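After this come two complexes, each holding chain A, first together with chain B and then together with chain C.
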Partner chain A sequence: MKDRMNMYKIWAPDNVLWTQWTKPVLFASLPCNNNDGNCELKTSNADHIHMFDYNAAVIVDLPGKESVDEGLVLAQCGYRPVPLYNGVYGNSKFSMIVDVQGIAEALQEGADILFALNIRADAPPVFLLDSNRMTGQGKEPGKYDNRWCVFPQDMPSASLLLKNGIQKIIVRSARIQEDLAHILLRYQNQGIHIFLCNNDEIPKELKVSKPSLYMSLFYRFKVTLGLSRNATGGFGAVIPEPQIGWSNRRYYGYG
Partner chain B sequence: MKHSIRLELIPEDKYSDYRYNVIFQAYKWDPQVGDNNTVSKHVVILDPKTVEQLKSWAEQLSSETMLMEEKLLKNLSLAKELGLPDKIRNTLGHTLNYNRNKHVRLMRFDFHPTKTGWAISEVNSDVPGGFAEASVLPEITSTYFDGYRPAENFANIMVEAFKSKTKAVANIAFVHATAYSDDRQVMQFLSDHFMENGMNTVFAAPDHIKWINKKAFSIVEGNECEIDGIIRFFPLDWLVSLPRTSKWQGYYDCETVSCNHPIAILTQSKRLPLIWDKLDIKIPVWKELLPETKSPKDVNPQNTNWIYKPALGRVGEGISIKEAISKKELLEIEKFARRDSKNWVSQQMFESAPVKSINGENYHLCLGVFTIDGKFAGFYGRISLYPRIDSNAEDISVLVSKESV
Partner chain C sequence: MDVLYLLEFLIFFVSIFCSFGFLVKWYMPLFSKRPLNRNKSVRYVLGLLPIGSLGIILFTLKMLASFDVVNSFFYISMYMVLGLAGLFLGVTLMSCIFDLSWLDDALNLNNKAALIAVVGGFLGLTLIYSGANIGNGPGWWCVVFTGGLGLVAWLVLGLVINSCTKTFERITVERDIGCGIRFGFYLLASGIILARACAGDWTSFSVTLFEFMDGWPVLVLAGILILVELYYIHRAKLNKTNNAIFGSIFLGVAFIVIAIAIVYLMPPTSENPIYGAVLEVFWRLHI
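Right, the complex of A and B next:
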């Protein structure tokens, strides 16, 4: 059994540039389970992105543990998986709005697989997201609200990606979610090409649509404020649209 | 007062372990923000005399702040000028039975070394952060250096404050936005520390608390119980956005030991200095350390020595420090501040005196000084390469030299 910190160290070694973005949240809050060490690498439907491209980063935005599995498949191709899961593990599988137990188990099992792989320190990154992050079920009082969003500051800047040779990003998902669009459009505007790859389709270059509040100084604030509007104290199900004029804008928060 | 501040590098061979330990022992779940590593490679060393001065100021500021709150409570009409949401102002009447001895009063005053001495930029009166940073980072880094020690341990003082006002084995609710990992990390740290000290803890969203005869009860699945103490990390400004069914007004007149009681909103507003002369009390330390503050409409737009702040601001966001933000952002903030001046404030800019690192880099320092029930309770240090402390700033351990420098 690995402790949480050692598992995190496997996923986020300190000598690798991209793993500095690995989110500790799930590692720090998940229960430590024994596993038998006989982990098998899963297969993937997206063979087209398994052609290793040194100039490409991948964002896997798939539901639950599928995202970890896909990340590990890509790790075998030479990419460096970077978990960006930012939702807390609740008290139990049944008390969480977003069930992250599958991800937690896959990260634990995947640590063994990853440990055995010899991934280059300068390997391009594959960022891992749970596409269910905002779509949990059963939001009744008493449930633990662990929904979350990904923000631009959760990922490297376009300039840093370009500086390190990343010229295109392949999103492995059925669609581009609104919070991710905020990040991808920043990349696209700086000259990074964005591709979408769903299952067995060949990745197609796409023009990212401008999401609401794009580049607004108040975007993160507004999303966070949306969080407060939810009865369970968590994020709203969608990024809130502006509901008040600029002149009535307030800032809220803590220090 | 002359600054006696130094930056020391954490030994290179220790830093990697330090960063991992900060993440897991100090619950630092946002160690990377954008392209910035937010776990500093430095520690800041304070001279004992500087520490004594900062402690003394913070305790006096805390005392003055509590006096202002209690005076404001008797003159709630003045609260109209604080830029508070209507729902809050309309609920403040519920707090009239407030008794500071029955609650735990936590504040954090943000001190900055400037070219003309120390200044404060604000008090975080409602829900200050930096608990783990003030408690754990100095404990870890003090093992790397001879001759330096941690200051007071925030978490220990917080536990003692609750023990003195609740029963020995109390049920403490940690109320926060449960989906927001930045908040959860703060709550989990403190909850674990309370449990280590024999208390029971419950993580709760604001509407997981129900009110019966002004007492708090948890309805969290599996943790249904009477609550003896509340640590709220959910800003009052957000509470009012919850549905009416959440009964958020219960926080305002509850008799359960609260940290902080909602009276804190009266001094959380950055517009407080605009009305403090009307309170007819002496607040000499506030007046000595806070730069001159005006309504945005009373400041000449051409005068670049003034900055704008939202009345209820957050971690440096929306503050118009021109060296720290883009021209576009500056213009946008100025436009909002002037158009909506009753929710903003202008403050004369102080010139931050940067502290030079051993590598020759100049860092701007903000020392958050905690007080709990009026007594000093530790330091929360942050540094930045530009003169605004915001979410990109690095958390830095604060140590005290055992002898004067």
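Right, the complex of A and C next:
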């Protein structure tokens, strides 16, 4: 069994450039789990992106633990997985709007696999996102709202990627989500080629369409207003349930 | 008269509520358990900021504030918590208007460029509020009005700089430390000049607006920063290294020196003769 700190250190070693973008939120809230260390690496459908390309970074935007599995497969090919999950693990699996249980378990199991791999310090990154990050009905009373979003500040800038020889980005996903489009369009405008790869398809170059509030100063503020911040960082908080008090007036309490 | 006292108590308690909320929101993430200790220095810097700011405000209130404030425990407490509430407003406006968040960028993302800009901004806001407290005045609304003028000017100039040079994007997304240093020092330097513009005895709203124009050199400072940033953007386009930290520190210190020199070279703050007479009565009553 590994403690949270050790697990985080395996996923985000100090000597690697890209790991400064690793989000500690999910690691900090992980439940303690006795891991026997006998983990099997899942196979992936998209074998054609697993040919290591030193000039390419990958963004894996798949649902739940699939994204971690895909990241680990790419890690075996020489990429450096960078988890960007920013939703907090709630108290109960059933109360969470975005179920991060699978991701949490995969990160714990994957730490052993990653520990055994000898990934170069200058390996190109594979950024891991959960495509279910914004699913759910919004702020449902009584639920743990851990929906989250990825912002341009959460990923390296285009100039840093170019400076480190990254000239193309392969997005492993069924579609480009709105929040990711904000980042990808910035990359595209700086001359980085964007490719989309879904399951068995060969990566196809993509022209990212302009999302709403692109480059707006108020974009991040507006989006975070609709989400529930966690006091310790990341996103996740219990939505208070409306209750009827003695005065027949509605008030909000926690629980 | 009673209504005015009641209003002061109301302002005092509302400010206590706001500043308590601000301190909880500020310190809770700093003390939270995280899996990595690499941002310890960030925590120390952010943790000391409100304390340092309160020290500056306290010094101003004890030394330079209105004659009825300097020796009054109630007024000093009231203006200190009002200051904390004002800082809370300023930091929130920095997050939503500048897209420069102390929590997201400086603490959670460990962005050093943002940290420097946030520190400069926080101290600049503190100085503007402190400047608004300098001089005699009949009540808290003078401080709120002059401080509000300074805050609006400070925010508008920040937006103008950003519209010409994309400063906020370069700090938060590009993590350009040089840009963070220059902008952070600018925010502090502009805070010094605007603090001087906010200072002085209260006469009326229209006269205060007129006296606030003493802060015009801040426009020159903003213009210099725009030219400097355009130069650095041009350098970046030529693929020259843009990580000129020493040059940026030198420029930042130059901004501060210029701002202090401007404050010293300016004529003394205008005084309202009515307060001379009030002061005389005040001292006679005390003696």
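We adopt the following convention: the second predicted complex is superposed on the first by the 221 of 255 C-alpha atoms of A that agree within 3 Å, B and C clash if a C-alpha of one lies under 4 Å from a C-alpha of the other, contacts with A are read in each partner's own complex, and residues count from 1 in each chain.
Going forward, a residue touches a chain if its C-beta (ideal position, glycine included) is under 8 Å from a C-beta of that chain, and two chains touch if they have at least 3 such contacts.
Note that this is a predicted model, so its numbers are computed, not measured.
Contacts of A:24 after superposition: both chain B and chain C are touched. Contacts of A:186 after superposition: chain C is touched, whereas chain B is not reached. When the two complexes are overlaid on their common chain A, residue A:146 makes contact with chain B while staying clear of chain C. Between chain B and chain C, it is B that contacts the larger number of residues in chain A.
When both complexes are overlaid on chain A, the residue A:110 reaches neither chain B nor chain C. When the two structures are aligned on the shared chain, A:88 is found in touch with chain B, with no touch to chain C. Residues 4-5, 8-9, 14, 20-21, 24, 28, 152-153, 157, 160, 217, 221, 231-234 of chain A lie in contact with chain B in one complex and with chain C in the other. Within the complex formed with chain C, the chain A residues making contact are 4-5, 8-9, 12, 14, 20-21, 24, 27-28, 151-154, 157, 159-160, 186, 215, 217-221, 231-234. Against chain B, in their complex, chain A makes its touches with residues 4-5, 8-9, 14, 20-21, 23-25, 28-29, 86-88, 91, 95, 141-148, 152-153, 156-157, 160, 217, 221, 224-225, 227-235, 246-255. By the touch criterion given at the top, residues 16, 19-20, 23-24, 27-29, 31-35, 37, 83, 85, 108, 110, 122, 124, 126-130, 176-181, 184-185, 188, 203, 205-208, 219-222, 233-235, 237-239, 241-243, 245-246, 310-315, 317-318, 329, 332-333, 335-336, 339-340, 343, 368, 391 of chain B touch chain A in their complex.
Taken together, the chain C residues at the contact with chain A in this complex read 28-29, 32-36, 38, 95-99, 101, 103-105, 107-111, 159, 162, 168-169, 172-175, 236.
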